[in-house]
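Got a structure for you, questions after.
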């Protein structure tokens, strides 16, 4: 755990960087209407999760945030940049995006070079890059593997490498696509810790996830998508308690919410401690305890 | 996405329902005649009499004509230019500046283009009217190894996936600041980081698929059965033998005709 | 059905064994779940049962591996193929690519085994309805969702009627709907009692629902082995890199807070938790 003491890659000095999605619609060349009039404002430092079933438009939406897709209608602003006016490569200095499948991302022959790829594209000096790489690898606890070939690691470790390779770019905004897929309890805790740390530094963290318990534990704001539209948008505790609404896009509430609802507790908590508190309160009131 | 059979054009026709080997034998016969029997216009005659009517019966004539035209045209043009103008000696038909179009070269080019036309159109006629799995099953019955059939069939289905994957990989690199918009040089440099992940993740995929195939007893020796049943008839079998003999006959006759004068003289 | 004795295995170039003196006996008909952190040896165990360790991955294997009466290290993969069915995480990579419809994809294994046509058709129809794929039978396997593809992979293996079915984290790459679909098939499979099943899985809530027995792997060894209720609610799970379900965590926290005093078995699933907290 010595690694965790080392400094985190600092945010770029670009300053607070809100994201504004203004009435965005997007239609794929195939004719699929993937987004229909989505509007969102994401404040700097927010931790927001996007949930919904496959095909709801989650990935299409986040691909608009770094300019990989340009709106058919409406506009997307990252800070003061309209994504249509800047290349994806330029926007990469502001928005880091970790793809779902690590094997779509890894290009270098060592873990260290892989993590240094982004900083290199951003034009950082070798010394800066070395510091970025060391700090990012420490965060994902893979410092000992800098010289290892990425394909000698497990898939779960490779996913952490891709996470580090975006952390090393020190962007004010980060997007994680299914960060917990294939991770075990230790990996979950590690990624959860990184999200908390980024939040603490005031950076914007966005995720697409099916892991609703992970979402409940670390993301204060939840956006529910269905059929290319925003179905609900609000505080995680409120949104994740709306079982009927979530069911329309095939999302199950977190385990603790389901339990609280099955027990008809007055309030659904997102943490174990919160659950026990609610339980204590209701038992005290009901005189059952 | 519906079932993708490669070039196959699903139609209800007598040609479609022929046994693949019957088609193969017929097309082999046509090809042999067109390549072996001398005459500048022979391939075109075979195309007109042998390929066009069957394509029409199989309801794929427009596909054959446009497909063959697209594939043959570049060859035809280059043959015409190279052979027509650079034929060493011969009858000059037309003088264009320093170049002279020669009759012998022109006829050579016409015949060459005809042969290519036949090669392309027989391939297309077979592909348009025969499901690839039926073809490989028939080839398997001839003794062609299973692994070759597997390569043909899986390539048809898995290659199209590469394009999607390549796009995703390129997107992932652009998201990390790789510039892909701009001059040709910039784009060429951008392609390099794409090659390695495509290759490496394909190796992982191939390894897993190899395991999946073993689980399904692909490596097992001994007789195999097939859910797909090929329709065959005695007269088709007879026809196949006749066509094979005829094709061999044409070839043997041609070799004899070429060699005989030398031995007889 | 499974008889492993002192099995130790090193992947090529590895200095740490992936399996370290592992012994395991599983009787016919049992549904046995294997849990453990990443790197604990779950996949290696699955691949050993199916013969890919050592036949495909090479490396060094010692000890006794006997599965469905086959001496695995001595047998060929082709000989093991009909005896052990293996399903793994990536649904897409389990599609052969050599067949064009779901029905034909399921037939592929039977064709290789030389099963006669009439029997083949009957078995395919049976398994299509078992895996709820009948309506997709004439679709391209590549046109299916992840959950449907994984059900297809399971059906393609089950149709060969292997005495042992091994599943290596079959839902880890699926979304919640796909996972549910796959678990529904596994629950039906557990109910039939026809096959012996070994399932490596991270989702403990589901393991609790249909496993007869749960094994915990840690560093290539079995560190816990017993009925799901005992193993999954045990306090030791965290030390092996596993996270108990939120239901178990909540029950333990309630116990610590003095809300519950009795030592009733801690809950693993929602139903058990509701019962526990009532």
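Note that the chains are named A, B and C in the order they appear, and that numbering of residues resets to 1 at the start of each chain.
Keep this in mind: a contact is a pair of C-beta atoms (placed from the backbone, for glycine too) under 8 Å apart; a residue touches a chain by one contact, two chains touch by 3 or more.
Treat the numbers as computed from the prediction; the structure is a model and nothing was measured.
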Chain-chain pair with the highest tally of contacting C-beta pairs: B-C
Most remote chain, CA-based centroid, reference being subunit B: A
Whole-Å gap separating subunit A and subunit C, where each centre is the average of the chain's CA atoms: 30
Whole-Å gap between the CA centroids of subunit B and subunit C: 44
Separation of mean Cα positions, subunit B and subunit A [Å, integer]: 48
Residue ranges of subunit C in contact with subunit A within the complex: 37-39, 89, 145-146, 172-173, 175-177, 202, 205, 238, 241-243, 245-247, 249-250, 253-254, 257, 259, 270, 273-274, 277-278
Subunit B-facing residues of subunit A, complex: 63, 66, 68, 87-89, 92-93, 95-97, 99, 101, 103-107, 117-118, 121-122, 151, 165-166, 169
Subunit B - residues contacting subunit A, complex: 165, 168-169, 171-181, 193-194, 196-197, 200-201, 204
Contact footprint of subunit C on subunit B as seen in their complex: 1-5, 131, 133, 149-150, 153-154, 157-158, 161, 205, 208-229
Touch list for subunit C against partner subunit B, complex: 50, 52, 56, 76-78, 81-82, 84-86, 88, 90, 92-101, 103-104, 107-117, 120-121, 124, 138-140, 142-143, 153, 156-157, 160
